[in-house]
Amino acid sequence: MELEQTFTQALEYGRQYISGGQVATYIPELAKADPNWLAVCAVTTDLQSYAYGNAGQKFTLQSIAKVISLILALESVGEDVVFSKVGMEPTGDPFNSIVKLEKVSTHTPYNPMINAGAISVATNIPGATLEQRFDNFLQFTRKICGNEDISLSFETYLSEKRTGDRNRALAYMMKSGGVLTGSVEEHLDLYFMICSVLATCRDIAFLGAVLANNGIHPQTGEQLVSPRHLKIVRSLMVTCGMYDASGYFATMVGLPSKSGVGGGIVSVVPNVMGIGVFGPALDERGNSIGGVKILEYLSEQLNLSMF
Amino acid sequence: MELEQTFTQALEYGRQYISGGQVATYIPELAKADPNWLAVCAVTTDLQSYAYGNAGQKFTLQSIAKVISLILALESVGEDVVFSKVGMEPTGDPFNSIVKLEKVSTHTPYNPMINAGAISVATNIPGATLEQRFDNFLQFTRKICGNEDISLSFETYLSEKRTGDRNRALAYMMKSGGVLTGSVEEHLDLYFMICSVLATCRDIAFLGAVLANNGIHPQTGEQLVSPRHLKIVRSLMVTCGMYDASGYFATMVGLPSKSGVGGGIVSVVPNVMGIGVFGPALDERGNSIGGVKILEYLSEQLNLSMF
Amino acid sequence: MELEQTFTQALEYGRQYISGGQVATYIPELAKADPNWLAVCAVTTDLQSYAYGNAGQKFTLQSIAKVISLILALESVGEDVVFSKVGMEPTGDPFNSIVKLEKVSTHTPYNPMINAGAISVATNIPGATLEQRFDNFLQFTRKICGNEDISLSFETYLSEKRTGDRNRALAYMMKSGGVLTGSVEEHLDLYFMICSVLATCRDIAFLGAVLANNGIHPQTGEQLVSPRHLKIVRSLMVTCGMYDASGYFATMVGLPSKSGVGGGIVSVVPNVMGIGVFGPALDERGNSIGGVKILEYLSEQLNLSMF
Amino acid sequence: MELEQTFTQALEYGRQYISGGQVATYIPELAKADPNWLAVCAVTTDLQSYAYGNAGQKFTLQSIAKVISLILALESVGEDVVFSKVGMEPTGDPFNSIVKLEKVSTHTPYNPMINAGAISVATNIPGATLEQRFDNFLQFTRKICGNEDISLSFETYLSEKRTGDRNRALAYMMKSGGVLTGSVEEHLDLYFMICSVLATCRDIAFLGAVLANNGIHPQTGEQLVSPRHLKIVRSLMVTCGMYDASGYFATMVGLPSKSGVGGGIVSVVPNVMGIGVFGPALDERGNSIGGVKILEYLSEQLNLSMF
């Protein structure tokens, strides 16, 4: 098949850039990753599936969880509630910057794709207890990724929790302005947990396929994301999804995408397919260096850009 | 026709919001505008044309010129040269902010849609003299807007020049880092001139139609924007085109767009049409308050969003 | 006596400005203060004592504690240890700003007189437990203020602790850079406690007298502050002691001083006396509005300025 | 004499640190300086004079001119006029930073010792033409430095003018907020000229002596600085005079001082003497590295600190 050949070539193209990147080291679990791992998967809206490279290797979702969490929050409490405590604008700053929080008297974060914004968004995940809230997230993740075996990396969660002081600073800043209420540590626990969910490249490709398929699960036909929420999620992935390289990525790839420091990137080709790439060697902005190149190659060869 | 009715309704919908906005007053020429003016035009890729409201009213392009200037620069000197002196990332700051220029040791502006970035981009417009450079811009504008009568508002140019000290600050900051070379005042003269070109709602709709038609002039068939440059321009319009409301606008309208404080907004519906709206009453971010609402209505009713 | 008359006149002069200020309201205990309270006290290096107005009214030290804490830290662990985790430079920003913490990769606060800096400094107060550390602070405060009855306002401490999220943000930011180690909440507990110590105008005048008397307790002759530490403390009081009005205050009063949002200000007239003023109505920078005017009057009439 | 020995030792002490610094290179005239030059001079209020090292070597005043310009402005138009267009607060930022100008809607600079503030202050120097205004500055400089031969380095002025784009950015930012009116280039010309005045170590020691002698010329008895203006100048020298090392310098030296990138530092020992040091090798903050050490030595040995 021609498509298969393109994926294979994309993988080889991306592999050439791996040596220019570095594995995240702020927690031991991420530092254990092999920088040479590289994978690309795709799931089409008619359920064709493609997988190349280390497609079975699990990694933690990290910031990719921000997309799932945003969807779940929107579907649970609606747009007005979610965006009363987070904005929709890119920041131009690193994902963990606290500067713009001080600029607004309410300390409301600019968008759901930076850490502060994701912490705010996650407060909307329903549940009476932390366990229930995380379980709701996990069940939703399993459903939207089409994999009942997705689970938490407890070690990563504990590491995130242990080293999460910058996120605590963001959270307490927001609490001081009223964006967060209740226990900050519990909000952070949930945030650290959702960041620590293990998935494979294929899982996030499935997530991308749901977002490509107008929010409808391609197997069950269930509407997991409403049309309005889909617009919000896909547009925020374009404007803010690739950290402070989002603008460049939009010109080079032109697909709604979200990366995580675990090395994964999910991309959405509307009406066609979801793509998942994985490569833990990161560029200086925190995006998978090989993964970005794979997506550039695919976008170019298959003419996928929205722009 | 159904489409005609939708445009008419969009105009009436937008009109309800006019009273919440204010005409720009930093120069007398803008302050003279009637806040009640409102118009919407469209030009399809197969050259159907629609015009409603004050469609014949001229206004200055202001920041909409940033799009034309970017295209001309890219077509003239290529992507590498243009982006050696400007980035591609949104800032999260107001369009005239100088703060992020200081953050980078070279004082390179973040993107072509903020003032600093547009001043940098315009230096690439070719010509031996200021007059030739502006003439090149004007000829290109006439061509891409499909109107040979487009001309400069000399009064606006003089006003911009007289009150342009904030832009001078941006320009000298860039010069101190090597982003600009040569005469700052001449660079600014060109920038002030291109901002002061008079156009109508129909003219910018035609510009949008070219960007919708894969960069090809729908009448002459001339390729005015190469495919790669088209991706750059349309993606930057999405991530940075509506000042620091770009993220919100992407969720609500979902079309590559660029606004100007003269009250115009150009929007691109890929493969379908260009839309121009005009309404000099601005919201607090500097976007036409009625114009944004017209575009929201059209996007919703005609299902135009890319997302 | 002429001096007595000057103090009386200073009090009346300051009283005229009270109506322009407002009592701090971020915690109930501060909001309970009567904005009309006003007092001025002085203790000379030869132990003459002066007291006018509401000199017996207790108030919480708030930021004045930063001076005592800095002295105790310096005397306990030395200059090198203290200033390995805090700088000596004014910030130009409000006392609770977090922006400059992000600018430095280690997240080291700029000086001991802003909240972040004071939290860092307080970590040097010795003691095996929180109770011992606070007790060390309290005993030192009693000694340097010459009043064995000085005690904690437990209600204020609890309020500070309950509403201290901005300070938590500062603290976690510092912890993420390694400035703080161990339990943030315990560090904050100590900080909230030392801010919540109750004193009178006379008590802080005595503190000023020690700093005026070359660091020597004027009654016991004990050297409480070494000569080198005295220079550090008095110079930081001048450059950073009056929040972001320190520069103006230096020209108008010209004395090493430190204010607190409880309404107190301690001023040092080297070799002559310590002055304490108290008035809970604050100006917009957080300094006692009447207190500042009293000090301006005294400095002018008695020619006290160092400059 | 003992004092002579102390000066000699101070010079030798300072010399040890020279190799850790670097000569300013942003203009050729500064780059020509020999990094090994080092000098210390003093002029007492009773006109005793001391000079050691390269005391006859001329250098440009650079930022030391900010002090003279501030005095002349204050004496010419008064405190209220001067401080309607500049503040009194330290910034915590580098001397050429533009960030804080944007924070204030009027773009008023924070203090007279940073570039923006000094440009604002210099607009108050009286004169019908640029030539007259500079001549007024020059005459006043000759008088307050006690040297009729002080003159302009025209080469330095031209270099400053040619490379002064960062200062132009500051100036146009201020003009856009109304802090400056009229010709920015003329304001900058004056500013560049006053920075380019040549002086020796002995000249600035004399300046220091006037400020030490309550503003009275020690030879002629003329009151060059009024008592109120003296407080303003000496306090601003303490809080803001040594760039963003002012706080540290206050603890280590404790004297009102002002440095320039030409390598000079003027220090004031109230009622005793003025000290001038000179050494073009600068530390990373822009202060003479040997000069600072000389002053630290003198302050320590002679117990000069105000604190």
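Per-chain numbering from 1; labels A, B, C and D assigned in written order.
Everything below uses one rule, namely that contacts are C-beta pairs under 8 Å (C-beta built on N, C-alpha and C of every residue); 3 or more make two chains touch, one makes a residue touch a chain.
It should be emphasised that the depicted structure is a prediction, and the values quoted were computed from it without experimental measurement.
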At minimum, the number of touching-chain hops separating chain B from chain C is 2
Output for shared partners of chain A and chain B reads none
In terms of CA centroids, furthest away from chain B sits chain C
Separation of the C-alpha centres, chain A versus chain D, in whole Å, is 54
So, in whole Å, the Cα centroid of chain C is separated from that of chain D by 32
Between chain B and chain D, the Cα-mean centres are separated in Å by 47
Listed in rising order, chain C residues that touch 2 or more other chains are none
Each pair of chains that touches is included here, namely A-B, A-C, B-D, C-D
In the complex, chain A touches chain B at residues 87-93, 100, 110-111, 230-232, 234-236, 238-240, 244-248, 250-251, 254, 256, 270, 305-307
Per the touch rule, the chain C residues reaching chain A in their complex are 97-99, 101-102, 165-166, 168-173, 175-176, 184
